[in-house]
Amino acid sequence: MSLIENKVNDFVVRFANVNGTGSASANFLFTKAIFRMGIPVTPKNIFPSNIQGLPTWYEVRISEKGYLGRREGIDFVVSVNPQSMLNDVQSVKAGGYFLYDSSKKLHDQYIRQDINYIGIPLMLMCNEAYTDPRQRQLFKNIVYVGALAALFEIEFDVLEELLGEQFKGKEKLIPANVKALKLGADYIYANFKYPLDIRVERRNLIGNSIMIDGNSACGLGAVYAGATVAAWYPITPSTSVVEAYNAYAEEFRVNKITGKKNFAIIQAEDELSAIGMVIGASWNGARSFTASSGPGLSLMNELLGLAYFAEIPTVLIDVQRTGPSTGMPTRTQQSDILEAAYASHGDTKHVLLFPSNPKECFDLTVDAFDLAEYLQTPVIMLTDLDLGMNDHISEPFEWDDKREYNRGKILDAAALDNIVKFGRYLDVDNDGIAYRTYPGTHPTKGSFFTRGTSRDEYATYSEDSGAYKRNVDRLIKKWNTAKDIVPAPQVYQDKNKSEYGILFFGTSQCSAEEAIDLLNQKKIIVDAIRIKSFPFNKTVQDFIDSHEKVFVIEQNRDAQMKSLLLIELVANHQKLISVLNYDGMPITAENIFNQITNQILSLKSSPLKEEANGKKNKQNSITN
Amino acid sequence: MSLIENKVNDFVVRFANVNGTGSASANFLFTKAIFRMGIPVTPKNIFPSNIQGLPTWYEVRISEKGYLGRREGIDFVVSVNPQSMLNDVQSVKAGGYFLYDSSKKLHDQYIRQDINYIGIPLMLMCNEAYTDPRQRQLFKNIVYVGALAALFEIEFDVLEELLGEQFKGKEKLIPANVKALKLGADYIYANFKYPLDIRVERRNLIGNSIMIDGNSACGLGAVYAGATVAAWYPITPSTSVVEAYNAYAEEFRVNKITGKKNFAIIQAEDELSAIGMVIGASWNGARSFTASSGPGLSLMNELLGLAYFAEIPTVLIDVQRTGPSTGMPTRTQQSDILEAAYASHGDTKHVLLFPSNPKECFDLTVDAFDLAEYLQTPVIMLTDLDLGMNDHISEPFEWDDKREYNRGKILDAAALDNIVKFGRYLDVDNDGIAYRTYPGTHPTKGSFFTRGTSRDEYATYSEDSGAYKRNVDRLIKKWNTAKDIVPAPQVYQDKNKSEYGILFFGTSQCSAEEAIDLLNQKKIIVDAIRIKSFPFNKTVQDFIDSHEKVFVIEQNRDAQMKSLLLIELVANHQKLISVLNYDGMPITAENIFNQITNQILSLKSSPLKEEANGKKNKQNSITN
Amino acid sequence: MSYTRPKFRHPELIKNKLGYTVDYYEGALSTLCAGCGHDSISAGIIQACYELSIEPHRLAKLSGIGCSSKSPAYVLSNSHGFNSVHGRMPSVATGANLANKDLIYLGVSGDGDTASIGMGQFVHVIRRNLNMLYIVMNNGCYGLTKGQDSATADQGSKNKTGNINLFEAIDLASLSLELGATFVAQSFSGDKTQLVPLIKAGLKHPGFAFINVISPCVTFNNNVGSTKSYDFVREHIAATSTIDFVPEMTEITAKYDEGTTKKVKMHDGSFISLNKLSQDWDPLDRLSAVTAIHNARAKNEILTGLLYVNPDCNDLHQMLRTCDKPLNTLLKSDLCPGASMLNEINADLR
Amino acid sequence: MSYTRPKFRHPELIKNKLGYTVDYYEGALSTLCAGCGHDSISAGIIQACYELSIEPHRLAKLSGIGCSSKSPAYVLSNSHGFNSVHGRMPSVATGANLANKDLIYLGVSGDGDTASIGMGQFVHVIRRNLNMLYIVMNNGCYGLTKGQDSATADQGSKNKTGNINLFEAIDLASLSLELGATFVAQSFSGDKTQLVPLIKAGLKHPGFAFINVISPCVTFNNNVGSTKSYDFVREHIAATSTIDFVPEMTEITAKYDEGTTKKVKMHDGSFISLNKLSQDWDPLDRLSAVTAIHNARAKNEILTGLLYVNPDCNDLHQMLRTCDKPLNTLLKSDLCPGASMLNEINADLR
């Protein structure tokens, strides 16, 4: 009775679990097996702000075409959470499948005529097979993976190989797991038609890609970048950044003989303290960073202003979540952009970086340190929960051993000896960036007083209007210097092909790229640009100038990136049309496609009213 | 040898004093006397971030035409500070006057050929006339006021009257003061030609105006608004807001018999705590407020986001100073606009108010409470050091006894009894504003859980995407409701007269109005609008739409108000041209005039390149 | 020993003075982990409010952020609640209390919420002697962010991930004593017998009442090696005395015999009765309480019970001399000086 | 009594071990009010650094915001300084120290900067036993914002505007003891004889050294009725002992006779010598110090001197086991695992 066709390597499975019941590793096993079979796959964790007992979902999209954004429309639900079962049943597409624990009979309310039911007595099977209650609970998860393997034709060898890797050193745990897999598969073989129409087939589409979450990539990047001081305060979804840094540093930075560490991590008492420590360490010549999320960013405002004005390199990784306030702390959003860009009172502007995938998390983390030290200013990396906490397929990490750390303009003792008078805020090179010294460098030269108050070129306290103005004008010169230094955007075409452009950044990448294909299928051609940094390179202005309409895709309510474009570039509401998603779930290609086609339709339907229409669109984007 | 002509009631006097030597009251005596003579006058304090011993200036502008902004070009310097004397001599206009203490001979370096010197042996005179060292010090200041009275023809009766008022209750101090005045005057009579060409003449130009600083007006406004809980943390230049509130409340709100108080003031341990207390008190049904400046605003970011999302009325008076960071804490600026408008992470927007004078400080403070309670959201009043800490001539305060406090949509016990199910976040009236209840209202109805996390219409915790989106969309609806409720801008003309408009707000008012006259004199006609609030009323859009070019005058580097206009209205860089001043000194009419005429010239000189020019202008505004 | 226990076991049978059974004091269903100490404390709060016949709507519940800070939602659904932001409950409670002195204020916090990010506000709310009961559900870790050590974790204590804490613990009870708290108690989530009367006494205390409750986190910090696990705490607990809270106008029964019992009279006529006091320690003397804690710590013991109380203190409203009516009930007529006064003010400014 | 005085009186004549005279240790001209206690403390810092023969550029000066926090600019102009933001010096100092364990860290703060806005960071820098000397210039008020009471103002103390402080003071010395500070001293800006050796000992202490210095604000809090005025402090001061700091390798002279003298040996071989100890108090025992402060407070006395020291403590670097080289000197070769390792990592992620 399936209504779904041609579903080889192209479907979505959703696991409905209970928080804290150990389903995560079973679900990852499922995903990783598909990855190993050379098939593009994306998992997304949808979990509550809670530790145990509440519903949690794990959504896996398998896509032959390599579409790695979220997709609506669930083909297959694995339901092991009675609490959410009613919703879970509803979430299955017509013609899709619903796998449930048939140890108890399914209540009528869960019965839909338009979907297929696959009942497996998970509980009974496990009770029979295992005696330890914890095992009974845990292996239910492995049993359903076994069942899925049978249904989707996941290669058993691959699953076994993965278990072997997982339990390296604890090999005696392997047989029980394999047994559970087999239990599940055998039940399918015995009771159901298999494989299903939706199933997987080995491919070679992964190349040398890796699978990792963005936060781990940031942590690893910080190790490679030579960061030695990390100060942080736990907050979802950023916590695993410093945890990963810690794990990698423990691996690579501990003297095997003495046990001494080439790094220091402090769990601060709060985010004000964390950023203060970063500023202190950076001032003193160590590469230092912190990671946080929205509430932490808000608390850092004052100290970010200090770092801006006192010109201290400061690296902050903000893993965004759904705001405002505590909002939905376990959901994703791109809504700290405006705050990050202009954090703190007074006239301030900060360098931002927008990674889209784990490889970029790694690369831009390394770049963040170079930029912060070269520009002597805060650099805020804006990633998000989706990127940070979900596993993603990514190009492998790369490192050029010839790459040196760019520590910026620093005068050592020898250099100081060659200078008549050191001026900490003298714009010697006419790029807005002055030379700094580390404390302790020279007995009589190069010492100066760092402060958040105005001063002259020689770091002498001053309330003189002229000195103040020269200083803040130099900061703008530095800002302009930054425009040519920050990572350039990715432009998708050598030459424009359309009057329409789309502009996106961060975790909208996958869905935006898929949407471009969907649009193409409807004969709508669009050019595309992906922004990686702020301030904007000239390329961004060129892209806007060379298109009639630019759709700006972002995952927030208030069109924050568009706001930055409006402020910092020459653009306007008529030209920039927002495509927004802000309900906490990652944006989908279909959503982008629909919004863009609707906009284009409405533009086309009243070509003479374009100007007025532009205004109307803008009003929409403001009022939505 | 005077080069200055026609200077009756039109000149600037600058007093150069030492911080902490008691010059303030003498200088104020001088200003107030001119005010009493019916002549428009503005004083500005230019003081260091220090308590004692550093240079401080007091600049008084006297203007028959009622121009009450700062003016460059000092006609007369009273120099009693050796430390700054070299600068002070330089600051006199050619043809101007330099009054100094001639107890010691003036060193050659202070001699200019193009100015007039008035040496008075202040120290010697006081040493002779008084024995107490403190008196010798203090009366020097009164002696120079006496001398100025003779030179400028300030009415002696007025000075004596003012002394009488000042020493009400301590009348025996009066004769010594009068004596000092006379000493100064007599010395002039005996040794110099008097009066000078620059002098005052009684007028009747003040009407029933009052003279007061903006912070006191805010404090008084809070008393009239019925605020009962003030929580604050000291910071220049906001400190005197709560001090004034305290003084007025002690006067009007203390039970004469019991000594008990109808108000509570807490000096909090920091700004996070201060705003937290305001939120707690407002949640519990008291009108409550805090006052702070930039660094405090930065620290309040997280809690402002809570207030926005949890929908708690929150009144914050931000008396802006020169940023970023500690910046120049005793200088003025309008540079917290962007931060205030979008304070906190996530999608947030806050209501802002921009008073221009003490009367508006009073009125808008009262309005702030009505707005905050009606809209259930933070309202941030953005005043600045210039307005807050300087005395200004202002329309008198007004209060309509029929005015009721608008406490917003609140359900009391009776109302709750009539409701089937109370939904704290139900948009009953379709204006985005839901009904709230105070704690303790009803035994079984109306209680709810306030939180910064997402929830449904019945205040039940929810991580449902739909519930989240409905909620934040309602907040935007509320935002749109606010647009019609917030104070409307002042539009200066019934009908447009020009293709040019100028737009300004806050303490740029006086200089902007004067600049309009200067432009008129050059036959440049401009229309004008003064913004009083954010979100912008429709009027602002209309003003922009109906002009070719709009000059946006602001006192910050980054064109922050223009940024808000670009984001929230339909406008663009070609149309909005920034006129900026950000060196910490109040903007002058001449500065505005020059910037505007230069811009107009450059527009006119290349009419064909207007578009390109617009771009260039915009680049300027970005890079300046 | 406590007279609360029987009631607690069959709460639904008996109505309190207001005619409510204990379930009337319940809140939403807890979403905490099964076995979490915090839930036991919530049960203690419910029980105490029931026994004191508090009208739920006359009590306001406030908290910060954390598993512990969620728990106000799980008690007293007829009370207004405010789950604010991390570490800032004290300031929000202070504002609330200033607005309406007539409600009862219950603040719930965690050790992360109080001893780390909230330390400044904690110190200052104590200093202001705000009339509230402040309960820390102290599990030595950050439950909600998955088990990192908190500042109350003991030096050398091991958490679930095997991490050994390097730093000395902040002892919240002795810290609050040092800061002049006027009511300081310590207890254990597993000891409802002791906890319920402490909560009752704390709610009745006319100033700042602090109860530090050791509350094991079963998920992240209940392992061997943790000094905040159920087992460790049970082994190392040392009760100062058994405590009863006797409401106002309750007849004094024979069992409070003098000598082994200390009675602390509260301002409303109720009293706290403490049995089996240790020799060298007087709960009315701050220094003796400080010394007792220090000595217990040296012996690796966790001292529980009512450690210190000053029943005759002035709360913030008394210090500020605010009027008798709650500030939030004052009307324009009480507050606004009116037009003619404004004209006088204008006149003075000319 | 102190051997420092003669040197202090004619500092310009004598060169220290490095060959510098005392003026080499001076900073910019002070802009504080004439007579401000803070300037005397600055003079004490200059003197102590001079006497210890510290190389100025090997010392980093850090502060928050306030009159007190300005004063690092007025000492040691060859040292790097960092005037950060209000209340956050401890975190900035922590970061700085982590980056380079080889410098000496001097933090200067005010009572507002520390006991109000900075309380959280103060508590936690103590807990981490950061190797630094932390001086609070304590005037009981906010000098720079014109004299509001601070949290260290005593209850009932009157400031210049006549305001009577309502709240109990936070006693920073006893608070830091409670929090486990490993070196706690208290002094008076007017007593350079005592202050200079305390600063020297604090600079040499291998962990967190705290000195609370009462430092009258002549402009706003030196009036009759203030308990932080010069007169009041002089009258109520009670010195625990006279103190000398004897640098490493200095020959021990006869005057340190046993019995009335306690010698505390520091890790580098230098020692602190304390004369005339009070009977019931041992500066090596925390509880005894706590009790001594409590008792003095009860007698309305301000106890000065070295109150407590634990010379054998582990500082933050020791607890964290950081490497011997300062972290800021490590090179890419020390830090970067390199390309081939990255390939292995990639392989593990497939």
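The chains carry the letters A, B, C and D, assigned in the order they are written, with residues numbered from 1 in each.
Note that in this section a residue touches a chain if its C-beta (ideal position, glycine included) is under 8 Å from a C-beta of that chain, and two chains touch if they have at least 3 such contacts.
In this text, all values refer to a predicted model and were calculated from it rather than measured experimentally.
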- request: Return the chain pair with more inter-chain C-beta contacts, choosing between A-D and B-D.
  value: A-D
Query: For chain C, which other chain has the most distant CA centre?
result: B
Task: Compute the distance, rounded to whole Å, between the mean C-alpha positions of chain A and chain D.
output: 44
- request: Using mean C-alpha positions as chain centres, tell me how far chain B is from chain D in Å, no decimals.
  value: 40
Task: Averaged over CA atoms, how far is the centre of chain C from the centre of chain D? Could you give it in whole Å?
output: 35
Query: Using the touch rule from the top of the page, what residues of chain B touch 2 or more other chains?
result: 49, 269-270, 295, 302, 306, 325-326, 451-453
- prompt: For chain C, which residues are shared contacts with two or more other chains?
  reply: 85, 116-117, 119-120, 123-124, 128, 151, 320
Message: Looking at the complex, which residues from chain C come into contact with chain D?
response: 116-120, 123-124, 127-128, 151, 166-168, 170-171, 174-175, 178-180, 286-287, 290-291, 294-295, 319-320
Interfacial residue positions of chain A with respect to chain C in the complex: 20, 49-54, 233-236, 239, 267, 269-271, 295, 325-326
List of chain B residues in touch with chain C within their complex: 36, 208-212, 220, 223-226, 228-229, 231, 248, 252-253, 255, 258-266, 268-270, 272-286, 288, 302-303, 306, 396-401, 404-405, 437-444, 447-453, 461
For the chain C and chain B complex, residues of the former touching the latter: 55-58, 60, 62, 72-73, 77-85, 88, 90-100, 102-103, 120-121, 123-124, 128, 317, 320-324, 327-328, 330, 332, 334-339, 341-343, 345-346, 349-350
Statement: Per the touch rule, the chain A residues reaching chain B in their complex are 48-49, 293-295, 297-299, 301-302, 305-306, 308-310, 320, 322-331, 333, 335-336, 338-339, 342-349, 451-454, 463, 465-466, 468-469, 472-473, 476-477, 480, 556-558, 560, 563, 566-568, 570-574, 582-585, 614-615, 618, 622-624
